[in-house]
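Letters are used for the chains, namely A, B and C, taken in the order the chains are written, and counting of residues starts over at 1 for each.
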Amino acid sequence: MVLLNKCLIAILVFFSSPLIFAQDTSAVSDEMFRINNTWMMVATFLVFIMHLGFAGLESGFTRAKNAVNILFKNVSILCIGILAYALVGFNLMYPGDQFAGSFFGFAGFGIGAGSAGLTSAYNEGYTYYTDFLFQAMFAATAATIISGAVAERIKMGSFMLFATLYVALAYPIVGMWKWGGGWLQELGFHDFAGSTIVHGVGGWGALVAAWMLGPRLGKFIDGKPRPIAGHSLPLAFIGAFLLWLGWFGFNGGSVLSADPGAVSLVLVTTNLAAAAGALGALVVSYLASKTYDLGMVLNGVLGGLVAITAGADVIGPTGSVIVGLAGGALVVLSMLAIDRMGIDDPVGAVSVHLVCGVWGTLAVGIFGKADPAVLGYSLSFTNQLIGVAACGVFCAIVSFVFLTAVKMIAGLRVDQEEELHGLDAAEHGIEAYSGLPFSAPN
Amino acid sequence: MVLLNKCLIAILVFFSSPLIFAQDTSAVSDEMFRINNTWMMVATFLVFIMHLGFAGLESGFTRAKNAVNILFKNVSILCIGILAYALVGFNLMYPGDQFAGSFFGFAGFGIGAGSAGLTSAYNEGYTYYTDFLFQAMFAATAATIISGAVAERIKMGSFMLFATLYVALAYPIVGMWKWGGGWLQELGFHDFAGSTIVHGVGGWGALVAAWMLGPRLGKFIDGKPRPIAGHSLPLAFIGAFLLWLGWFGFNGGSVLSADPGAVSLVLVTTNLAAAAGALGALVVSYLASKTYDLGMVLNGVLGGLVAITAGADVIGPTGSVIVGLAGGALVVLSMLAIDRMGIDDPVGAVSVHLVCGVWGTLAVGIFGKADPAVLGYSLSFTNQLIGVAACGVFCAIVSFVFLTAVKMIAGLRVDQEEELHGLDAAEHGIEAYSGLPFSAPN
Amino acid sequence: MVLLNKCLIAILVFFSSPLIFAQDTSAVSDEMFRINNTWMMVATFLVFIMHLGFAGLESGFTRAKNAVNILFKNVSILCIGILAYALVGFNLMYPGDQFAGSFFGFAGFGIGAGSAGLTSAYNEGYTYYTDFLFQAMFAATAATIISGAVAERIKMGSFMLFATLYVALAYPIVGMWKWGGGWLQELGFHDFAGSTIVHGVGGWGALVAAWMLGPRLGKFIDGKPRPIAGHSLPLAFIGAFLLWLGWFGFNGGSVLSADPGAVSLVLVTTNLAAAAGALGALVVSYLASKTYDLGMVLNGVLGGLVAITAGADVIGPTGSVIVGLAGGALVVLSMLAIDRMGIDDPVGAVSVHLVCGVWGTLAVGIFGKADPAVLGYSLSFTNQLIGVAACGVFCAIVSFVFLTAVKMIAGLRVDQEEELHGLDAAEHGIEAYSGLPFSAPN
């Protein structure tokens, strides 16, 4: 019956004010806006839960004597990251019409929506506030990725300073190149949900930071890498599954509306790549070590997820299985290679996020199929390569500069005594498991 | 095309029965009702997950020897609370037209919807059953808040008896004052999602119960408080993050529809307050102890969340950061103060839920801005103060009476021997971590 | 305003092409399709999270020396199960028009939707891809149920081979009998979300496998069952709560649309049965052992959930409380009985999934009320019994045949030495909690 009212009102409006007819052709119904926004909010919650996933994965894969430190880093950088993104990041990444070039733009400090920001006049898929929140949850992941690679030896204050700068400045500038309408978008670089723009950005920061920090004490003996077992695989398992869950929002929300066909395809490719990533890592790690390696399988799931993230919307089910399988295999091979290079990445963050991020971004140029009229550009391997390289150069330099500055101001690494006894005792004055006799090497 | 049918049918109906036009002006489309109800169901799931969050937080912050006891309490009180709320609570809180004064009403025993309860004739935002379920998940939180404050020393049966009475009688009566259309609603007291109506009610019960029980053995030595470390900070961390996640439903669902502007604003203020709460607690606890205190930061997140709950809909982004910062700082200061008062609150429930609940409710009178025509009243500091005081007096008295009655019937506290060996051995005959040698003090 | 456009377009279309009017009467609006599909995606995520729930429950209820093994099994079988379901399972279960009898059908290998699969022409409730993903998450649960019953003694490769066959062939064939339009659907057997079709199928496999494997070393001494305590009740608690959460999607999603009345009723009956299941198990286990048994209460929640799954849509609130209470009580009694029969089911999978699955399916014939015109058949106790028996015979035989074949090829059980030292050392070369001195029996 309400439709009747609407029809009658609409007819009245039509005859009295023909201009409105033309103005509103792009708008969506209240219901459509509401369902889109609801989906985007659900996706936001799922991306939020990834931060718990990261915390579980990282602390589970490292030693009990540093668990409080890792948890503290992860909750703090999430909170500081959200506040920094509200203050400057969001407005650097989405400058809108205010001051925007192809490489840099800025829309002013702080957030706040006028009344239009709460309607579909802002966007048919979400309100201004939903937009901010979804993007803020994304932004904080870039810093959290780095957290894993620097675990068990970085100074708390130094990490927080670096991570805040990275989330507030480096991540949004690269993000603007693609998602804020900058030069990578103009070029025709395709990165659906951020294999490069998020995971590559985090992964480069992780690689540079792990290299600058040097390996943990005891990781290399006579130049040979030694495995340092994590203290709780159940905790890491919980973390990996929550990351998988969160990825449904990370990729599914990147459709930016609840479009049934687009979102459900993205969910299927995302999920198949995750499953195939596990299988790829299982097979390769079994061939390499003749054991069923749980850590590798969990990282294989994540490698498959990172890899499909760039092309989840333009790669079909079969392609996504191939992308995932290769991603899972790459994680295992990359972790062995990084160990041999003398770089210590306690949780495999570089292999998962950077290596699979590069693979997935390039895979768009191999397996991706899309209508250029819809995308606004043709998929091309060359453009994918340019995007990967540009982000790599920018992030590597910025990470190096930021970390060098932080090193000069406050130092990067805890002293040897603190590292041996664990950062929990030194920086937090508390144990993760009070009363439990974890043995010395852990 | 379906629209065409609807239009034609509507036009036929219009001409044949003009009365319907007037009758149905308040109704919403099927699509609108469906999206609203879906959002409310999602919010319900999120509030459900808070109960897992509470369980993780409480057991993680306490000792291994009592972990089974805490988990048992939390699952039991959730289940009994849901059943009790179905039997009487829901009908005390929302008496509807059946028998309702300003202070008390009752709609009869049990739940069950007529066919109208399944349509938007019941409410434009949700069905009768969604309404019940969302409210039932809320109700059980009030008891669970108390659970943390009485941990490690209360008798299982006594707690369950008290908690059941509190969820079935005390919580719904206070809730009716505001959300059931009672005298606080008529007065113009604003408490959007329950800083006072839920967290204050739980917090007062927690304070009275912790005071009546007395401190755990060994908490105070020569009158000085001694820290008793929790046995698993990763477990507490998981709990805190699940509570944060759940709060998106607690506050977001309290809009009572999927209204994009209202819900997304509420989510942003909720999230900013949580992040700011962590920062407030981080800074104040660092200043106080020169360590990075993970427990304080996690409680700071919760303090920020409790504080913004009353005004998440009427406070802007900047205001929510201030409310959250102060909430996080207050948690730290309050935990120190409560320790000095000789009251033992093992997980900081009183500081998080009562102190921040009072602060957040009063903050509505300071930072809140809303159109009186929409709310039905003007925001006023005085009204906020009246609401806080009224709930405090009622809940303190009811808690005292209920607990005194339970004490006389069954006693409140386990005997000294049981407390020393842990409640798990005494009441449950099992260890939380079979085979693990937790050391004596834990 | 967009409505005006639609109305005008529709009117034009109507007069120019009257045929379209007739064609589209069954279609739904874009908005309706979008909200339905969004709900089904949310439900899919919730079912996904059940796999984390199973992993937590199973590993928590068993010994630390086998925790990695259990986690490895659960992540691998989920991933392999998803891929196998994509390759053949989905097309066996939903053969559609391609080749379908009453007992068997097949629609070809692999998945992939034509453009109609992305619209409401496929189904008013979801796209082809959402359909696949929701069903794939369901399918993998059947194998995971078995995983718990065979824990701590089965060979990894043998389990994976058996589980893959079971998910890819046995589960979809039984599923097709009911949900693919086969003979049980034609008969009028009612199993809303799978008390028998999912939990019974998994439960029969669990019973046959546990019986064929024989008990763990030390489970029976002189023929008397000995309790073997799980190593982490907090982990099991997290698992049980995530299963409860996931069940909102398992049952709620089985409505196959976001219909507010139907879904919200299902959520309420599901939730009341869970709460009542806890209470039933609490009371019966307290009477039996005079302790508050956390494991029994958690399994009671699950028993209540399994029991209501068949009739969540046709049983009212009061009936669901009774079904749940009995389910919780049955779990306790069944676990005692299975112990006495000399069968070792480490986590109680048979009691929870098979016994409560049978009870719940039969309960539909006792408490269920529905309009035959809507369902397409009348609810009948006899038909429920036929469905239970048919699934039981088929699954028991298939399980026995598959397991016998796997036994001949690769053996089923690890050798005695491996079992004593734990499967983690033998098959995975790693400990779940590196550095922690779990004592010998665990």
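Throughout what follows, a residue touches a chain if its C-beta (ideal position, glycine included) is under 8 Å from a C-beta of that chain, and two chains touch if they have at least 3 such contacts.
No experiment lies behind these values; they were computed from the predicted model shown.
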>> Under the document's definition of touching, what chains do chain A and chain B have as common neighbours?
In response: C
> chain C and chain A are one sequence twice: same or different residues at the contact, by the over-half rule?
Replying inline: different
>> Centroid from C-alpha atoms only, then distance chain A to chain C, rounded to Å. What do you get?
In response: 32
>> If a residue has to touch 2 or more other chains to count, which residues of chain B qualify?
In response: 3, 7, 31, 35, 38, 42, 232, 238, 436-437
>> Using the touch definition from the top, list the residues of chain C that touch chain B in their complex.
In response: 3, 6-7, 10-11, 13-14, 20-21, 23-25, 27-29, 31-32, 35-36, 38-39, 42, 46, 63-64, 229-234, 237-238, 240-242, 244-245, 248, 252, 258-261, 263-265, 267-268, 271-272, 274-276, 278-279, 282, 289, 291-295, 297-298, 301, 316-318, 321, 436-442
> In their shared complex, at which residues does chain C touch chain A?
Replying inline: 1-5, 7-8, 30-31, 33-35, 37-38, 41-42, 44-45, 48-49, 51-52, 55-56, 59, 67-68, 71-72, 75-76, 78-80, 82-83, 86, 110-113, 118-119, 126-130, 132-133, 136, 156, 232, 235, 238, 427-437
